[in-house]
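In what follows, subunit A forms one complex with subunit B and a second complex with subunit C.
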Partner chain A sequence: MKKYLTIAKNKTQAEFSHRANVFAYIGGNMLDLFVQVVIWTAIFSSVDIVGGYSKPEMITYVVVGWIFMYLSTNYGYEEYIKKDIHEGKLSNYLIKPVNYLSYISFHSIGRLLFAFSIILLQALFFILFFRGTLIFSLNPAGVLIFILMFIFSYAIKFSISVIIGFMSFWASDVSGLYFALNILNRFLSGAFFPIAFLPATVAKLSYFFPFIYTYFLPIQFYLGKISLSGGILILAGQALWIAVLYLVIKFIWKRGLLKFEGTGI
Partner chain B sequence: MLRYLKIWKIHVRAAFMQRMAYRLNFFMIAVAVIIHASITVIFFKVLFGYVNNIAGWNFNESMLIVGSFLLVDGLIWTTCAQLTGIPKHIKLGTLDGLIVKPISTQFLVSVFRADPEDWGRVATALFLLTSSAIALNYSLADIFSRLPYYIIAIACACVITYSVVAFARCLSFWFTEAGGTWYICENIIRSAGYPTDIYSHVLVRLLFSTVIPLAFMATVPAKIFIHGFDFWLILSSIALAVIFFFASRKFWKFALKHYSSASS
Partner chain C sequence: MNFNKYLAITKIEMSRQLQHRFQVASYRVGNLIEVIIPLIIWTVAFRSAGVIKGYTYDEMITYVVVGWLILYLTASYGFERVLALLIYDGALSQFITKPISFLRYAFTLGFSRSLLAIFLSLIIQAGVIFIAREHIVFRAGLLDGLILILMVALAVVIRLFYSILISLAAFWTDEISGVDFTASSIIKFFSGAFFPVNILPAFFMNLSLATPFIYTYYFPVQIVLGKVSTVSAVKGLAVELLWIFIMYAIIKIVWRAGLRKYESVGI
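Right, the complex of A and B next:
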């Protein structure tokens, strides 16, 4: 366990070494959220309710959703794994007493810890800035469930990244798959706009994908549109998806290793 | 000039051949690009189910902004792929090989990559513009009388966008990890897809008309398409395009002086 914690620690330290880049990302994040808030403010200047959302609910959906999404994002591990496979670096891990999946998971946690410190600072700023508009509706049990939803969302997104990355055992370029899935993810997770805005058939369809559990449902829970027992059901749904994705990862990892040629050794 | 055009054509062909080596991947990206472009349309379609206008723009007029934005964005991706070549060449040190070539280095790094799948974005934009013009009941005479000015506005928007991207990419000469600066730039460009009239604060409007000329990337071309010739809008577009292009050129030359090769 100690070796994996060291991996996470090293990654956090490495991320902090590019401070200018970090500040630029903060600036970009601010701008991203600023534009979304401005758009919704302009829309709510002429109506009180849009798709069942009041202005405070929509601003909360955007701001809390933004924080939730960026905290649970895994930052391109598909590309990382692809490089390890195509450049033969994977061989290094295979001969060492480390489990590659654990290695990559802790590497990602190291990045998450770094992202946490940065995004929490921004989140604090946003919460103070929008304090008159944001909705704070959770009780202690709700907070606990919401934190668990965040952890599970992260695990779902990370698992999808790993699966795409492992596709590199067979495909020379997985950027198309990654790009397409990323668009699908943002659309079906409700990151572009709430799923409730979509036609009923598309909205129903989105429940068959794991993406909705990584944004829309947790934020609905946060807004109080889903009850505590509903929140537990969401957690169960997330856990089920994590289990399914884990089995898929294990399956393609075994198959992929048979295909792996160790290029670069 | 002809030589530059020839080199650009060669790069475009090479990029296409490179993409065709992995056809399934190309197909997936192309489809995703069209879906991505369509999501903005869906977003507006949904919104206009609840409101009649956003900052004074009705649905079809808003689609002209979205169409203009997709057109500019698509053209930038298909011709120079948002200058992704600059940070890559700096990081790998391969810029050395380009500096010694008897042609403008800025041109070479600009055309280094062209993404053919983004023609899908351009096609979506043209479809949107045409369907919006029809929905707005414009006659052919109306369209053809406005088209030359619209093309000028779009050309200026492309130059402005290119220049803003060049500024952001050139920061890679100082920072090895400059993904963050690109992220800012990407968000700036993306926000041009909405009517800049939504920014009600006078300072923000001034900022997005001059320092970061967001308004001239899509909203102004759409206004010209709707209202026809507007001397001040056309003049401002051309002036901003010239200023931004020469400023980015100057910045490129300044940044190039700070280049320290990574490999040789």
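Right, the complex of A and C next:
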């Protein structure tokens, strides 16, 4: 366990050397939120309720959703895995007494801690800025469930990144596919608008994917549109997805290693 | 200027793009979702309102669908990263020793590189337009239509110049991904691709009008919607031309300064 903590620590420190680049992302991700707030403010200037959401509810959906999404992101970790596989660095881990899956889990946490703290500062700023509009209705049990949902969301998103990254065992250049999958992922998670806006059949379909558990359902719970017992059901759903994704990862990893040539080991 | 060699660049680059057809097509699937998102939001919003910030439902659908068509036509498809790599990898040295102008090469390459992507985008967008056909508004007359075509053609130049300019930053920094991400979000914002810029307070609207990017989305669509007079459209065209000259001058200056910085070990 200690060696993995060292990995996380080293990576956290390494991230500080890229601080200018990390800061450079701030403008873009703030604009992400700004755009949504502008659109909904414009719409709510002519309407009172949109698709069952009042203005404070929609602003909360967007702002709390943004914070939730950016805190649980792994910033395209699939790119790291892709590089490890394509550049042959994976061989390093295979011959060392270290488990690659554990390695990347801790490495990715170390990688995001710096960005995480910047997002926390931004979140604080947004909460202060929108304090007149934001809804907060969770009781202590609800807060606890919401925090658990957040941790599970991170695990789901990370597992998906690992699966996408492992596709590099078979494909050589997949940046276009990443782009399409990431947008589809955000779309089906409800990050662009509440899933309830979709035609009923598509909305039902999205419940069969893990994405909806990483944005729409947790934020619905936050807004009080889902009860406490409903919240526990969501947690169970998330746990189930984490287990399924873990099995998929194990399976692909075994198949991928058979394909991996590791020239020079 | 010998045209043949530039034509050869176009031919080579087009074959190269065909080799990456799956890749190029995957990006278009992502873009299609990006078009569907605002369509869904506006459709839900207009269920309970006839007019939002001066736009009717049909106008807003046209704004999104035709706007993206123009965006596709004028996009440079991440060309800045390709050019930046040339500088990092030292491939730039080839151009300094060959009888070819790097800036002209970059311009030709950028244009040719987009052809397959534009072609695929147009097919997909034609499908979207067909589905939304009953809601598409086209109010530009013959003269306005001509101005529109000119404006879009010039917008292609603006986007390419922008990509070249951003990539030249590679002379000074060795990681442009963060800057590129934020800069491209900002220009997309000012172009009006996220929403019509006139729903913003006048200050932002005026700010967008002062940028060259407004001609890659918002302004041409306003012509399609018949929301600008012919006189204003001509004025817009003049400002756009002015921007091209300004950007060209900046590129020349930055290029010269960058070359002084460039080490090109081995020449």
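Criterion: the second predicted complex is superposed on the first by the 261 of 265 C-alpha atoms of A that agree within 3 Å, B and C clash if a C-alpha of one lies under 4 Å from a C-alpha of the other, contacts with A are read in each partner's own complex, and residues count from 1 in each chain.
Going forward, a residue touches a chain if its C-beta (ideal position, glycine included) is under 8 Å from a C-beta of that chain, and two chains touch if they have at least 3 such contacts.
Please read these numbers as outputs of a predicted model, since none were measured by experiment.
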When subunit B and subunit C are modelled together on subunit A, clash or fit: clash
Touched partner set for A:G27, first subunit B, second subunit C, both or neither: both
First, second, both or neither for A:F193, with subunit B first and subunit C second: both
Partner chain(s) touched by A:L5 [first = subunit B, second = subunit C, both, neither]: neither
Which superposed partner A:I43 touches (first subunit B, second subunit C, both, neither): both
Subunit B versus subunit C as contact partner of A:A180, first or second or both or neither: both
On subunit A, the residue positions that both subunit B and subunit C contact, one per complex: 18, 20-28, 31-32, 35, 38-39, 42-43, 46-47, 49-51, 173-177, 179-180, 182-184, 187, 192-193, 197-198
Residue numbers on subunit C that touch subunit A, as the complex places them: 20, 22-27, 29-30, 33-34, 36-37, 40-41, 44-45, 47-49, 51-53, 175, 177-179, 181-182, 184-186, 189, 194-195, 199-200
Subunit C-touching residues of subunit A, taken from the complex the two chains share: 18, 20-28, 31-32, 35, 38-39, 42-43, 45-51, 173-177, 179-180, 182-184, 187, 192-193, 197-198
Residues of subunit A touching subunit B in the complex: 18, 20-29, 31-32, 35, 38-39, 41-43, 46-47, 49-51, 171-177, 179-180, 182-184, 187, 192-193, 197-198
Complex contacts: residues of subunit B adjacent to subunit A: 21-22, 24-29, 31-32, 35-36, 39, 42-43, 46-47, 50-55, 175-181, 183-184, 186-188, 190-191, 194, 198-200
